[in-house]
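Structure provided below as C-alpha cells; questions to follow.
So that you can tell them apart, the chains are marked A, B, C, D, E, F, G, H, I, J, K and L in the order they are listed, and the count of residues begins at 1 in each.
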Amino acid sequence: MSDHRTYKKLELVGSSTNSIEDAISNAIAECSKSVKNVEWFEVMETRGHIVDGKVAHFQVTVKIGFRVEGS
Amino acid sequence: MSDHRTYKKLELVGSSTNSIEDAISNAIAECSKSVKNVEWFEVMETRGHIVDGKVAHFQVTVKIGFRVEGS
Amino acid sequence: MSDHRTYKKLELVGSSTNSIEDAISNAIAECSKSVKNVEWFEVMETRGHIVDGKVAHFQVTVKIGFRVEGS
Amino acid sequence: MSDHRTYKKLELVGSSTNSIEDAISNAIAECSKSVKNVEWFEVMETRGHIVDGKVAHFQVTVKIGFRVEGS
Amino acid sequence: MSDHRTYKKLELVGSSTNSIEDAISNAIAECSKSVKNVEWFEVMETRGHIVDGKVAHFQVTVKIGFRVEGS
Amino acid sequence: MSDHRTYKKLELVGSSTNSIEDAISNAIAECSKSVKNVEWFEVMETRGHIVDGKVAHFQVTVKIGFRVEGS
Amino acid sequence: MSDHRTYKKLELVGSSTNSIEDAISNAIAECSKSVKNVEWFEVMETRGHIVDGKVAHFQVTVKIGFRVEGS
Amino acid sequence: MSDHRTYKKLELVGSSTNSIEDAISNAIAECSKSVKNVEWFEVMETRGHIVDGKVAHFQVTVKIGFRVEGS
Amino acid sequence: MSDHRTYKKLELVGSSTNSIEDAISNAIAECSKSVKNVEWFEVMETRGHIVDGKVAHFQVTVKIGFRVEGS
Amino acid sequence: MSDHRTYKKLELVGSSTNSIEDAISNAIAECSKSVKNVEWFEVMETRGHIVDGKVAHFQVTVKIGFRVEGS
Amino acid sequence: MSDHRTYKKLELVGSSTNSIEDAISNAIAECSKSVKNVEWFEVMETRGHIVDGKVAHFQVTVKIGFRVEGS
Amino acid sequence: MSDHRTYKKLELVGSSTNSIEDAISNAIAECSKSVKNVEWFEVMETRGHIVDGKVAHFQVTVKIGFRVEGS
C-alpha cells in the first residue's frame, strides 16, 4: 500500500418508502455489492415522488467514496 | 391530454416538531388541499428553531411539482 | 436591549450513529454548553462514514445562530 | 400605472419530444393561458427522459416573469 | 391552528428609482395587496436599468414568505 | 425486483457539430451501448470549440441515470 | 509581526429598522466590542422580517475579517 | 442595426464611503466614460473596508451590460 | 510563441429570434470581428424576451475564450 | 472514429503529503492504470488532514475526462 | 468520550509570499496555537495581492475543523 | 484622484507545465503588459491537460483586478 491512497467517488440515487436515512442506506448497500473499501458518503440532493398527497418514495442522491484497490 | 405536459413548481416551507420527513409530509399535505396532480418534491433547505438547547421545529423548504390541469 | 439585535453564527459538525436529526441535536446540545440564546440552525452538508457496507456515523454540518449577549 | 412596476416569477417545467426551444415555448404557452403581461423567461434546468436509448422528452425548468396587473 | 404551520414563498421583482430598500418595500407592498400573513423576505438578486449613465431603476428579486391560511 | 430501486449516474460529454440536442443524444447513444435501463439525463454544462469564428463542436456535459440491474 | 499575517472571519447577522447599510454597520459595531484589528466585511445574505406589509427589520448576514493578534 | 443585437458585460468594482447605491452609481459613471449604450447592471458581490469599527468604503462588484456598437 | 499560453475570456450576450444555437453563434460572430484566436465558449445563462405568449428573442450569455496574441 | 466523440468523466480523490500538484498527479496516475485516452482534469475540491498542527495529507478531488474508446 | 463527537469549523485566511501550500500551513499553524484537536481543513477561496506585476501574497481562505473538547 | 476609486476585473487563463502558482503568475505577467495598477487576483477554476498519464499543463482561470486610471 502506497503512502498516497487514491479514492474514487460514485454517484447513486437510493430510494425508500420510509425515510431519508433508509434511502441512503439502500444506496450504500447496493454499492457495496460490487465495490470494496467503501468509506464515506456525501448527500447531494433529496427529492421524492408523491402519490395521493403522500410521499411515495424518498430519493436521495449520494456520492459514495471508496479507496482504489492497491493504492 | 397533449403529448407535452407542463408542470408547475411551488415553494413551501413545512415544519414539524418531530423529523425532517414529517416536515416534508406536512408541506405536501397542505399543498394537496388546493392543488391536484402533485407528483414530486425537491428539498431546497433544511433549518429549524431551537428552544432551550433543543430543536423546537424542523423547517424544510421544498419545491413541489404538479402537472398543470389540461396539459 | 437595543432595537437592533445582532446574531452570530457558529459552524459545527454533529454526528450520530442513528439519524440525521440526532446528529443535528447533538451539535446543538454541545453548542448550548458554552453559548447562550441559541435560536436557530441551518443544515449546510450531510455526509457520513461507512463501515462494512453500513452507515457508521451520520455527520451533519450545521450553522447555529445565537443572539449576541447585550445586543 | 405607478412608476415602480412589480413583477412576479412563476416556475414551470415545459416538455417536448423535439427540442429544448419547444419545451421552453410549451411552458410559456401554457403559462400565458392564465397569466397576462408575460415578459421574460430564465432557464433554470434542462433534463429529460430516455426511452430505448433515445431522448423521449426534453424537460426544461423555466422561471417566467410577468408584470403584476395594476403595478 | 395546527402545531405545524406551513409557509409558502412567492418570488417577486420590486423596482424603485431611488434605492434597493425601496425596491424591496415596493415588492412587499404589492404582494400584501393579495396575500395575508406575510412574514419575511429574502433578497435573491439585485440588478437594474441604466439610462444616460445613471441608474434608472433598481430591480430587486425577493422571495416573500407567508403563512398558509389555516395551517 | 425490490421495492427500493437504486439508480446510478454517469457523467459524459457528448459532442455534435450541429446542435445541443444532438450532442445530448450522442452521449446517450454512446452510454446505451454498455449500460442497460438508462432512464434520464441532466444537463450540467454547455460549451464548445470555435474554429474560424464559427461553432465547430457543441460539447454538452450530461449526467445520465440508469437503474442498477437487480435493484 | 511576521511576514505572513493570518486573518479570521466571523459570521454575524446585523439588523436595522432603517437600511441595509445600517444593519451592516450594527454588526460591525457589535463585533468591534470584542475583537481588534477588524479590517473588512463580506455580505453573505440579505433578508428581513415583515410586519403589516412593511419591512420591520433588515437582517444582513456578513462575514467580518480581522487580523489575528501577533500574526 | 441587425435584428439580433449582441451585448457585452464588463465587471467593475465601485466604491463609496456612503452607501451601496452610490458604489453602484460610481462604477456605472466610470464605465460610461469609455463605453456607449450602457443598459443594465447586475450586483455580484457586496463587501467593504472597515476602519476604527466603522465602514470606510462599501465595495460593490457589478457586471455592466452594454450593446455592442453596430449590432 | 512561449510554452505557457495565456487566454482571456470575454462575456457576451448573443440573441436570436430562432434558437439557442443561433444566439450563441451570433455572439461568437460579433466577438470575432474584433478579436483573433477565438477558441472556445461556455454557456453561462439562457433567457429571453416574451411577446404575445411567444419567445421573441433567445438571449444566451456566453464566455468566449481566445488566446492572447504573442503568448 | 466518428466525428462526434464522446467523453466520460470520473471523480477521484488524490492525496499527497507534499503538494496539491502531487495529489492531482497521483489521482491521474492511478486513473491511467485502468483507463485509456485520459485527456483533462478539473479540480473540484481541495482539503486535507492535519496531524500535530501540520498538513499530513493534501486531498484533492478531481474530475478526470477521457475519450470513450471507439467514439 | 461520547460516541457522538462534535466538531467545530473556524474560517481563517492564511497568507504566504511563496505558495498556496504555505498559505494553508500558516493558517493551520496560527490556529493550532489556540485550538486543540485540529483534524482537517477545506480550501474555500484562493486569491492574492499583486505588486509590480508579481504575486506579493497568496491568500487562501480555509475552514479548519477540530473536535470539541470532551465530545 | 477621487475618494471613490473604481476597479475593473479581467478574466484570464494562465497555464504552466510546472505548478498552479506558475500558471497564476503567467496570467498576471501577461495581463501586466497591457494594464496598469494591477492589484489583486482571484482563482476561479483550476484544470489542466493530461498527456501520457501526466499533467501536461495546469490551466488556472483567474480574475485580475486593477484600478481604473484616474479614478
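Convention: contacts are C-beta pairs under 8 Å (C-beta built on N, C-alpha and C of every residue); 3 or more make two chains touch, one makes a residue touch a chain.
These numbers come from a predicted model, not from an experiment.
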item	value
Chain F to chain L, fewest steps along touching chains	2
Steps in the shortest chain-to-chain touch route ending at chain J and beginning at chain E	3
Identity of the chain that, by mean CA position, is farthest from chain B	L
Fitting chain F to chain K on CA atoms, where both chains share a sequence, rotation angle to nearest 5 degrees	120
Chain centre separation in whole Å, for chain C relative to chain A (CA means)	23
Whole-Å gap separating chain C and chain D, where each centre is the average of the chain's CA atoms	38
Shared-contact residues (touching 2 or more other chains) in chain J	11, 20
Interchain pairs in contact, sorted by label	A-B, A-C, A-F, A-J, B-C, B-D, B-E, C-G, C-K, D-E, D-F, D-I, E-G, E-H, F-I, F-J, G-H, G-K, H-I, H-L, I-L, J-K, J-L, K-L
Chain L residues within the chain H interface of the complex	3-9, 11, 63, 65, 68, 71
For the chain E and chain D complex, residues of the former touching the latter	10-17, 22-23, 26-27, 30-31, 57, 61
Touching residues (chain side chain D, partner chain I) in the complex	20-21, 24-25, 28-29, 32, 38-43, 64
Chain B-touching residues of chain A, taken from the complex the two chains share	19-20, 45-50, 53-55, 58
